Amino acid sequence: MRIGVLTGGGDCPGLNAVIRGVVRKGVGLYGHSFVGFRDGWRGPLENDTMPLDIAAVRGILPRGGTILGSSRTNPFASADGPARVRETMRRTGVDALIAIGGEDTLGAAARLHAEGVPVIGVPKTIDNDLSATDYTFGFDTAVNIATEAIDRLHTTAESHHRVLVVEVMGRHAGWIALHSGMAAGANVILIPERPFDIDKVCAFVEQRFATSYAPIIVVAEGATPIAGTMMAKEGELDAFGHVRLQGISALLETEIRGRTGRETRATVLGHVQRGGTPTAFDRWLATRFGLHAVDAAHDGDFGVMVALHGTRVERVPLAEATGELKTVPEYLYEEAEVFFG
Amino acid sequence: MRIGVLTGGGDCPGLNAVIRGVVRKGVGLYGHSFVGFRDGWRGPLENDTMPLDIAAVRGILPRGGTILGSSRTNPFASADGPARVRETMRRTGVDALIAIGGEDTLGAAARLHAEGVPVIGVPKTIDNDLSATDYTFGFDTAVNIATEAIDRLHTTAESHHRVLVVEVMGRHAGWIALHSGMAAGANVILIPERPFDIDKVCAFVEQRFATSYAPIIVVAEGATPIAGTMMAKEGELDAFGHVRLQGISALLETEIRGRTGRETRATVLGHVQRGGTPTAFDRWLATRFGLHAVDAAHDGDFGVMVALHGTRVERVPLAEATGELKTVPEYLYEEAEVFFG
Amino acid sequence: MRIGVLTGGGDCPGLNAVIRGVVRKGVGLYGHSFVGFRDGWRGPLENDTMPLDIAAVRGILPRGGTILGSSRTNPFASADGPARVRETMRRTGVDALIAIGGEDTLGAAARLHAEGVPVIGVPKTIDNDLSATDYTFGFDTAVNIATEAIDRLHTTAESHHRVLVVEVMGRHAGWIALHSGMAAGANVILIPERPFDIDKVCAFVEQRFATSYAPIIVVAEGATPIAGTMMAKEGELDAFGHVRLQGISALLETEIRGRTGRETRATVLGHVQRGGTPTAFDRWLATRFGLHAVDAAHDGDFGVMVALHGTRVERVPLAEATGELKTVPEYLYEEAEVFFG
Amino acid sequence: MRIGVLTGGGDCPGLNAVIRGVVRKGVGLYGHSFVGFRDGWRGPLENDTMPLDIAAVRGILPRGGTILGSSRTNPFASADGPARVRETMRRTGVDALIAIGGEDTLGAAARLHAEGVPVIGVPKTIDNDLSATDYTFGFDTAVNIATEAIDRLHTTAESHHRVLVVEVMGRHAGWIALHSGMAAGANVILIPERPFDIDKVCAFVEQRFATSYAPIIVVAEGATPIAGTMMAKEGELDAFGHVRLQGISALLETEIRGRTGRETRATVLGHVQRGGTPTAFDRWLATRFGLHAVDAAHDGDFGVMVALHGTRVERVPLAEATGELKTVPEYLYEEAEVFFG
């Protein structure tokens, strides 16, 4: 059997561990051979390949990024995309694909499978917002990076009288904010799932100053105020006539300072959260995802995605896995609220 | 309601996070009050208490160790133990106990509950060998520490020609060895569940030298050779007439050097694995265990232990939780074997 | 002898290590006693003290922040400041002061000494911009935090096509930017000492894309463009009528995006750089500064500051130490330029 | 100009950073070309080379180990060694050598230079025991690794009643033990320069138990007891008839347990201290050493070694640099003794 592997979407610690798991078991146990497709779906669309054997995966387990490159290319962007993927597979003698990616990459995989392409999905996102799996790899790394940063802010909060705002990733789901905020003892956590009341945030700020040292606010980049309640807003034009790129933490800085008169300082961790070496958990999960993905290919069980359920890696239908975003449920946010203020 | 809290057994990152979770929710949401019992079951046996309020738990979330102290005291060691526990509870006005600990501490909790003491258990062990919960807090921290150490050995293995042996914790179960070995790309992993064949280990050593750089062997402290196959052995007397303390890694050093002629160097991480600040995952898990333990107390639902199932914290009967050690199953070890040699 | 200790200015990893060094040697070897003054110069001005003995310094070595609190209070802000300091010393039986701080705190110390107050200075700033000492503690920690962040960005730069800008501390001197930029392989480093040419920065950006993966730009918060060359600028008013707080990285984001059309993302590490546990180097340096400061007090050698010269801690006149800011010299910046582009 | 580069001796974080610094400046600024010699002096002896250009050094800055490989081969081991080195240089068109290594590698470099080979040395040892330079790269990394390990032991020492012994590297000099012991608050530090009195060590152990929590002893691998004072000793034969490999920490374990009856546990960090990514300081120092080494080659200034003096990198005669081991001076050990017990 000859299997093509590709990685799509944003950077995520653990991609290389998946690739290594796939190849080590596929070659060593099953005797399959592999082809790397470069830059996500662009690889099979344009027949851009690289060798993918035991030598190619040596030493990559602890390394961030992906040796295969990545892109956001969508094979359905042009009408002949699926045909070109099939044509590349025919030319390269590839029998099946293993696609490692998030919502978009796996959505394309699901559609390709529906059209007869034998494909297996591996879920990837640091945001942890994919349904059908307890966790995605990369998430634990991102949470630990954010947690360590917030840890460091605590000693400053103890000795300065400044409101500290930390903006973490999470455009549509607040998982990183929730986990790092709880792990590091944030005084308020703001997530996209729950539009925030700026009055309450400022009340927590003042309450915190009254009872302890300065507050630390963890905010997901996608968090938003209840409509119409904040004066600071995005949407102004910058010096080049573009819409000003101003993150939610900059808006909070302006708003909290404006309302409370308190000095407020923001930290924007940005892409620091999605690069570098994965945590042990993410390497373990990513490696196991790789092992189970190649098992599925070996079994000829296509159209599935590997997923973590408890401590077990299992297979779920690709279609089911990509239907709906997994957001933070009410009951988990309420657990965090115990520690607000 | 007035609730006593105690921590028993060995050090484990996350103990303080549990205590904080219990107190913050218990006081803040339910209006309960708390008493800290010092040094595990010794506290209630000897009525040794400390204040445990919001102020006492401030700042402890990221800190290793336990503010309550710990011991291995067993309340059933003397016949009147249970009566003394009950007497202390009466005197201090304590209605219920939350006991945080491993096999021994929780075993005692189960027996006390059977004798009518209202008690709730929180599972704790860096070894991850407690049944009824997917993971225990402290384990993820230990695995990350071991993984980082093994990561560092890889660059040395690349440039020296030495067999590197890393001994990690795990007297009865090989979870830390398995997870850190897989996460860090060990070439052989030896665990207590599977007596090892020293011939095969030496064969892997030579195979590795032949195909790549020097091998790294991860061994759980409780791993043992198949009986009678190794020349190096424990049990000699030392200069003071005590049985020589010689870990399995020292025996492997002797044996591999003796058999292959290869220079062999051991790293013994020891207690480094069970101290210091917890990872984000362990803080999250420990905090949630604390929140759910106090919920159970509030509900009057005694004789239970909180446990992680997938992403949910649930309650299981204490008796069921402590019956049997959770060891590494065959199928997981086989996943790791893919990467041996 | 009875010695008062105070810490002034911004947070800096290692403050507690100095305090511990002072007290452990002062009590243990010399038999002196100590008083802690709270919140920098506010303590002696308002006679706000705390006990400072062996017990008070237990366990603080690895902890960020300062057990004495800090402020930017200037004893010369009111005419009677020096007299009040003297009066507090008389009342508390304090014979001498050890003042740990930066430019401002030590400047006040120098003036107080000139007016007859027996005082010894310990230099502190994460910015490393104090003259007369090779390094200040806190700097190494800040550089390592920034370096680890930039390390993580590299894997993302490899797989995305985005310009990554990292803003680090350094209002007047570019030491953190220079060291972390060199240590982590930045493609451009911008520092306050050298107004930058935005055309050249954009040229490096394009050159980097042409020859390798996406560029990483490290910029000190105090870096500025050559006057009049950038369209993006600070100074607009925000929704509350305050001058908009917009860091140099936000301006660069706007400007690089506007000029090159390249997606650009900024990370602002902010206060994360000045909190948390110190590195081994900073603990070693801070501890030794403490030991040598108490030696100077014991010797009655006042009006001096302890300083690192090579591997030796020596004493220099306070006046000399605080006269001039230590900025990055031309020859060191040129070393870094070797790696630009 | 065509320059050969080699790395000799044990693994040390920062080797790759030196190589990169040499090549980036040599090619980019001076237009020189480079050849890599494999495995230390074995490379020029056996004409074993690898390409060494800008592409070869891409991405290696943060990586431990050495892309050139290493060995302990001595070019003076055979009589024709120097002639073979010269012959290789003639054949490969190499005008000069840059040799990166410790005592042995640089000693050979000094002798070769005396015999007319144009060579420049770069000092390397994690032990920091080379004269003529304030610090060697690799040392700061080793100290931080040891410090983090000891940090973690503190929380366990607080809750258990065990003597904790940590063995760190340092066969002939106690720099790592001294720095990490002071940075992490060890209660006793044992170094090779000062044979220890086991009675005093045990007295410190008991004193510590009496006044605080359990003691942590940091011991350099080369530390030795005052002759004849310990019962536990090396030198017995193991099961294979080899001299038993038993580190000083194992002997201390036996001896302290035997004398005090206290449970004692050792951690042996071993090679973990010499691998993995370098700290920011070590990358900075190694990079600068590389830049200055190629400057010296460009200047034709041979027979020198680059060295750190304060914040300056300077050149010193190779002969002077390798004459004598730099050991811990009395006054520094006395600084540490302030914190014993």
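Note that the chains take the letters A, B, C and D in the order they are written out, and that residue 1 is the start of every chain.
Heads up, the rule we're going with is that contacts are C-beta pairs under 8 Å (C-beta built on N, C-alpha and C of every residue); 3 or more make two chains touch, one makes a residue touch a chain.
Values in this document were obtained by computation on a predicted structure and should not be read as measured data.
> Farthest chain from chain A, going by the mean of C-alpha atoms per chain?
The chain lying farthest from chain A is D.
> Measuring from the mean C-alpha position of chain C to the mean C-alpha position of chain D, what distance in angstrom results?
About 30 Å separates the centre of chain C from that of chain D.
> What is the distance, in whole Å, between the centres of chain A and chain D, each centre taken as the mean of its C-alpha atoms?
Result: the chain centres lie 40 Å from each other.
> With chain centres taken as the means of their Cα atoms, state the distance from chain B to chain D in Å.
Comparing mean C-alpha positions, chain D is 34 Å from chain B.
> What are the residue numbers in chain C that touch two or more other chains?
Counting only residues that touch two or more other chains, chain C contributes 151, 154.
> Name the shape of the chain contact graph, picking from line, ring, star, complete and other.
Shape = ring; chains linked end to end, path closes on itself.
> Can you name the residues of chain B that touch chain D in the complex?
Residue positions touching the partner: 10-11, 13, 63-66, 69-70, 145, 148-149, 151-160, 162, 164, 231-233, 238-240, 242, 244-246, 250, 253-255, 257-258, 265-276.
> Residues of chain D touching chain C in their complex?
Touch list, chain D to chain C: 21, 24-25, 28-29, 58-59, 61-62, 134-135, 140, 143-144, 146-147, 151, 154, 179-180, 182-185, 212, 277, 279-281, 283-284, 287-288, 291, 309-311, 335, 338-339.
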